[in-house]
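Before anything else, here is the set of structures, which you'll find just below.
One chain, chain A, appears in both complexes that follow, with chain B as partner in the first and chain C in the second.
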Partner chain A sequence: MKSLEKKKAVWGFIFVLPAILFFIIFNFYPMSYAFWFSFFKKNLISLRPPKFVGFQNYIYLFQSDSFWNSVKATGIFALGTFVPIVIFSLLFAVLISSRKRFQKFLQLAYYSPAVLSSVVAATIWFLMFQPYGLANQFLNFIFNTNNIDYKWLSNEKMLILATIIVYFWKYVGYYTIIFIAGIASIPKSVHEAAIIDGANKWQDFWYITLPLLKPTTLLVSVMSMIQTLRTFSTQYFFVQSGAPIKPIEVITLNIYNTAIRDMRIGRASAMSIILLLIIMFFTFIQFKISKSDEISY
Partner chain B sequence: MKKFLLILMLVFFTFLVYAAQIELVFWTHEDPNRTPLEEKYIQEFEKMYPNVKITRVTYPSKKISEVILTAFAASKGPDIFNMEIQNEYPYIVNGRVAPIDLEALDLKSFEELKKEYVEGALDPVTYDGEIYGLPLELTNWAVFVNKKYFREVGLDPDKDYPKTWEEMMEVSEKLVIRDGEILKRRGFDFRYPYYLTFFLPMVEQLGGKLISDDKKTAIVNDDAWLKVLKYMKEWGPNGKNLGSPTYTNARKLFNKDNNTVTMCLSGLYQIDRIRADNPEFYESGEWMIIPFPVFEDAVNDVRCNYYGHYYMVNAQSSKEKQYWAWKFISFMLSHPEDYLLNVGLVQPKISLINSEVFKNYPYADVFIKDMEKSHSVPLLINGPQFNQLIREAVESVMLTDTTPEEALKILKEKANELLKEEW
Partner chain C sequence: MKKIGFSIIIDIFIWFFLIGFAIIVLAPLLFMFTASIMPAEEIMKVPYPWISNTFHWQNFWKALKGNDGNFLFVRTIINSFIVASLTTLGTIFLSSMAGYGLAKFRFKGRMLVLMLILSTMMIPFEAIMIPLYLIVTKMGLQDSYAGLIVPLLLNAFGIFMMRQYLITFPEELLDAARIDGATEFGIFWKVIFPNSLPAITTLAILTFRAQWDNLIWPLLVVQTPEKKTIPLFIIQFASEKYTDEGALMAAAVIASIPMLILFFKLSKYFLSGAELFAARKD
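Here is the complex of A and B:
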C-alpha cells in the first residue's frame, strides 16, 4: 500500500515538476535577484559593479515624499476600484444568471474588454476623456449643460476617477464571470427548498445566494485588491500622454520610473520588494479568511 | 567518396561565407521621410560590401530611449543607434559607446574630422579627447504659422505675428475658437514634454539657469522660474485654456490644416513632413516660419535650445562590427544634401552650410539666425531626470491646483538632491 502511495507521489511530483521549474526560472529567480539587488546601488547603464549599501535604499524610500505619494495614489486607486468592482460584478452576475435568454451573449459581452490589451483600452479611453470626447458629451447630456469641460485629465480628482473608470470597465466582466461560476455552484435544491418554504426572489437572494457566495465574494475582493495594487498600464499611458504624474503615480509606475528614467535599479528593486510584501499581506488574509469560510453541501 | 568530399567542401565554404558575414543591427526613431533614404543607403552599402548585412529597426521617438536603455542594461544593445544627445550623453560617460574608428572613416586624426563640421558641432560627443558620435542632425525649433487663420481673425500674419511671449498669449487668445468651454482651435501650443529644449530657454531669457556656473546649485534665479511657471499656468486648461500637454500634439495637427491649430513649434524637418502629409497645404503658401519669441523684459536674447541626434556605436560590439558600423554611418552621412532635401535634416557639415542648396532652402535663414542666439540643450549625466523634474513642475501648475510657488519649491529641492547625488 505504502509503495503504491510512494509511486503516486513520485508521479505527482514528475507532473508538477515543469510548473515548479517554470516558477523557479521566471518568478522565483527574478524575485530573489530583485531582493538581492535592493541592497545595492547600481546605475542601470553603468558597467561599474554594483555598490553594497545595506538597507539604504529602504531607508531612503521610507523617508521619501515621492514613495509615500505613490503609496497614497495606489491606496486610493485600489480602494476606489475594488469596492465598485465587487459590488457591480456581483450585481451583473446575478442579473445574467437570472436571465433565461442571451446568457452566453451577455457573458461574452461583459468579458470582452478583459481580453483587450491594456494599452489599447487606455488609448480608447484617453480619447474619450479629451475635452471634445464622449465623456464630456455624456456628462453634458446627463447634467443638461452646454459644452462644459469637466476636465477629466486636468483636474486631480477627475484624473484619478478617469483611471478608475478605465480599470473598472476593463475588469468588471472578468469578476462577473467568477461570480457566475460561484452562483452556478450553489445547488438548485437549496433555492427550491427556500421557495417551497415561502421565500420570495429577494429573500432567496439575500438569505440563500449571498451567504453561500461568501467564499466567492472574498476571493473576488481579495483578487481584485491584489490586481489593483499592481495596476500600471493605464497610469503609464496617461502620464506618457501628458497627464500630471503626481495624482496617479502608483507604486508600479514609480518603480518603472525609478528604474528606467532614473536608472536606479537598486532603489526600484527595493520598492518592488515592498510592493511584494504588501501583496503577500493581502494574500495571507485571503488564505486566512477563505479557510474559515469553506462551504460544503 | 567523391560525392562525400564535394558535400564536405560545400559545407565548409558555406560555413566560411557565414563566418565572414557581418550582421549589424541599427535602431533609430521613426521618421517616415528618412526611412526610404536610409533603406536605399543600406542596399547600396550591402552591394559595395557583400559581407555586411544591416537590419534597420525603427521605434517611436518617445519610446526609443527606453527601449535602448533596457537593451543596454541587459547588454543586448544594437550595434548602431541614435537618440537626442541629452539622452545619449550618459552612454558616453558610462563607457557604453565606442569612439569613432578613424581608420573606418579614412582619417588620420580627430582634428581632421572636426574640420569637416561647423565649430562646436562635435563638442557634445567629445569626451576625454575622443569623439563618440557623428551628427545626423542639429536641430532648433521655430514657430510654424498658418497665415489663413491669422487673416480670418483680422490679423496680418506678416506684421502681427508674435515676437514676444506676451504677444503670443494675446494673439493666441484672438485665434482660439471655443464651443462653450471646449477648445476647438488653438492659437499656439508648446512642444510637450521637451522642457529642456523649449522651456529652459524661456527661463534663461529672464536670467534664470538650470545649474549655477560653479555647478553647485540647481534652479538659479527664483523670479525667472516663477514668472515662466506662472505663464504656463495661465496658458493651461485651468488658466486661459490656450493649450495643454494632454491635447493632441500641435505639430501633428498643424500639417492637416484642419482648423485645429494655428501655430506650433518644430524644426526645419517639419517642412518635408507638411509636404508628405498635406501637399495641397504645402503648395498653398499659406504657412510661414517665425523666430522663437522672447519675453518683453528679457535680459538674455536666448532662442530655443538646439539638440543633436548623433549616430553612435555600441562599445560591446566586436571590434570588427565597430569598424563596419562606423564605415556605414560615415557612408550614410556622406549625403548631407539628400538628408536636407528629402527629410529636412541639417547635418552641421561646413560643406552643407556653405552650399547653395542650404542657402536656398525655404526658411533656413530663420533657423540659422535663431541658432546663432541659442545654445545646446544642457548635457548632464542625469539630464533626463532634470527634464522629468521640470516636467512635473510645469504640468503640476498647468493641470492641477499646485501654485507656481509650491511647484518651484519642490523642483528646487528635488533638482538639488539630484545634482548632489553621486554615481
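Here is the complex of A and C:
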C-alpha cells in the first residue's frame, strides 16, 4: 500500500514537472534577468559584455523627462479608463439584471467588442477618429455644431481621450458580464426578505445588492486597473499611424522603444522592474481582497 | 395607482438607456462591416451613409493582395492560425496535466509548487518581455514559430482553472481505472482529459483568442515579413500611405471573422470565461 502511495506521488510530480520547468525558464529566469540587467549598461546588438553601473539606470530614469512623461501618461490613462469602466459596467450589470426580457441579447451586445482583437478595435476607431469620421459627426450632432474637427488624433488631450474611448469600448462589456455573474450569485431569498420587510427596489439595491457586490466591485476595480496599466496596442497603433507619441507614450511603449529603438537594455530593464513592482503591489492587494472578503450567506 | 405609473416611466427610461448604449456599442462594429464593402469615397462622406448601393467586394481583394501585391495578408492569416492553434493545443494539454497533478496527487512540495505557479500571476508579461526576448534569441528561436509559441504555452490561470475543475473529480473512477491496470498517464489521457471538456473548451477559447490578439510578443520576435501575424500586418497596412480605407476595414473584418464565428457558436464559453476569471479564488 505504501509503495502505491509513493508511486502515485512520483506520478503527481511528473505531471507537474513540465509546468515547473516552464515557469522557471520563461517567468522566473527572465524576471531575475531583468533585475540583473537593471544594474548594467547593455546595448541590444553590441557584443561588448554588459558593464556594471550600480543604480545609475534607476537614477537616470528618475531624472529623465521621458520616464516621468510615461508615468504621467500611464497614470492618466489608467485612472481615466478604469474608473469609468467600473462605474458603467456596474450600472449596466444592475440594469441588465433587472430586465425580464432580452437579458441574453443585451449581454451579448455589450460583450461583443471584447471579441475583437485590440488591433482591430484600434483600426476601426482610427478611421472613426479621422476628420471626416463618425466621432466628429457624433460630437457635432450632440453639441449641435457644424462640421467642427475635434482633432482626435492630433490634439494632445483628444488623443488621450481617444485611447481611453477605444479601451473603454472594448472592455466595458467584459466587466459587465463579471458584475452580472456577481449579481446572479446573490440568493433570491435575501432580496425577498428585504421586500417583505418593506424595502422598495431602490432600497433593495442600495442596502442589499451593492454591499453584497463589494467583493466583485473591488475585484473588478483592481483587475481593470492592472489591465489598464499594461495597455500597449492602441497607443502603439496610433503612434505608428502618425499620431504624436508624447501624450500616449505609456510605460509599456516606453520600455519597448527604449529596448528596441534605442537598444538600451539596462534602462529598459530598470523600467520593467519599476512596472513589475507597481503591478505586483496591486495584484497583492487583489489576492488579499479575494481571500478576506468572501461572503457567506 | 400613481406609484405604478412612476415605475413604468422608470422602466421605459431604463430600456431607452440600455438600448441607446447597445446602439453606441454596436455602431463601430456596424461601421466596420458596412465600410468594408464601400468604396473609399463613400466612407469619407459626411454624414456617413451607413448603407451603400454598391457592393464593393474589391476591398477584400485589395486587402488580401496588399499594397505590394505580394499577398502578405494571406500568409499572415495562415501564420496566425498555426501559432494560435499550436499554442492552444499545447496549453490545454500541459495545463490539464499540471492541474491534474496538483489536484489529485499528494507529493512533497505540492503546496509550494502551487504557490509558485500562482505567484507568476503577479508578473505582467510586459515587465519581462525584453529579457524573455533576449533568452529566446539566445535559444535561437527568434523569428520562428517556436519562438512565438513556446514562451506562451502555459500560464498560471489555465493551470489553476484546471486544478479547480478537477479537484472534485470522483476519486472512485480513478481507482477503478487503476485496478483495471491502466497506467497513470493512460488514466490522465483516457479518463481525465475527455471528462473535463467544458473547462478545456473555455481554456482553449481564452488561449486561442489571446494568441490571435497578441501584438507585443510577435512585434518583438518576428523580423521577416513572412513570419508576421495578423495584428502586425494590420498595423503595417494601416500605416502605409496608399492603403484604401475600405480595404483596411475589409482586413479588419477578415481578421475578426474566426473570433466572431467562435463567439456566436460558443458564446456561453466566452461568457463563462469572463466569470471564471472573476471567480478565481482558492
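Simple rule for what comes next: the second predicted complex is superposed on the first by the 266 of 297 C-alpha atoms of A that agree within 3 Å, B and C clash if a C-alpha of one lies under 4 Å from a C-alpha of the other, contacts with A are read in each partner's own complex, and residues count from 1 in each chain.
Definition applied: a residue touches a chain if its C-beta (ideal position, glycine included) is under 8 Å from a C-beta of that chain, and two chains touch if they have at least 3 such contacts.
Everything numeric in this text was worked out from a predicted model, so none of it was measured.
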Original post:
Between chain B (first) and chain C (second), which does A:I260 come into contact with in this model arrangement: first, second, both, or neither?
Top reply: both
**OP:** Name the contact category of A:Y132: first (chain B only), second (chain C only), both, or neither.
**Re:** both
**OP:** With the two complexes superposed on chain A, say which partner A:A243 touches: chain B (first), chain C (second), both, or neither.
**Re:** first
**OP:** Tell me which partner A:S154 touches in the superposition: chain B (first), chain C (second), both or neither.
**Re:** first
Original post:
Does chain B (first) or chain C (second) touch A:E192, or do both, or does neither?
Top reply: neither
Original post:
Which partner does A:T123 contact after superposing on A: first (chain B), second (chain C), both, neither?
Top reply: second
**OP:** Would you mind checking which one, chain B or chain C, touches more residues on chain A?
**Re:** C
Subject >> Common interface positions of chain A, toward chain B and toward chain C >> reply: 130, 132, 147, 240-242, 260, 265
**OP:** Under the touch definition given earlier, write down the residues of chain A that touch chain B in their complex.
**Re:** 43-47, 130-132, 136, 146-149, 151, 153-156, 159, 240-247, 257, 260-263, 265
**OP:** Over in the complex, which chain C residues touch chain A? Could you list them?
**Re:** 7, 14-15, 17-18, 21-22, 25-29, 31-32, 35, 43-48, 94-95, 97-98, 100-102, 104-108, 110, 113, 116-117, 120-135, 150-151, 153-154, 156, 159, 184-185, 188, 209, 212-213, 215-216, 219-220, 230-231, 234-235, 238-239, 245, 248-249, 251-252, 255-256, 259-260, 263, 267, 270-271, 274-275, 277-282
Subject >> Residue numbers on chain A that touch chain C, as the complex places them >> reply: 5, 8-16, 18-20, 22-23, 25-31, 33-34, 37, 92, 95-96, 98-99, 106-121, 123-128, 130, 132-134, 137, 147, 169, 172-174, 177-178, 181-182, 201, 216, 219-220, 223, 226, 229-230, 232-233, 236-237, 240-242, 251-252, 255-256, 259-260, 265, 268-269, 272-273, 275-276, 279-280, 283-284, 290-291, 294
Original post:
Can you name the residues of chain B that touch chain A in the complex?
Top reply: 62, 66, 69-70, 72-73, 90-91, 94-96, 179-184, 192-193, 236-238, 241, 244-248, 382, 384-385, 388, 392, 395-396, 398-401, 423
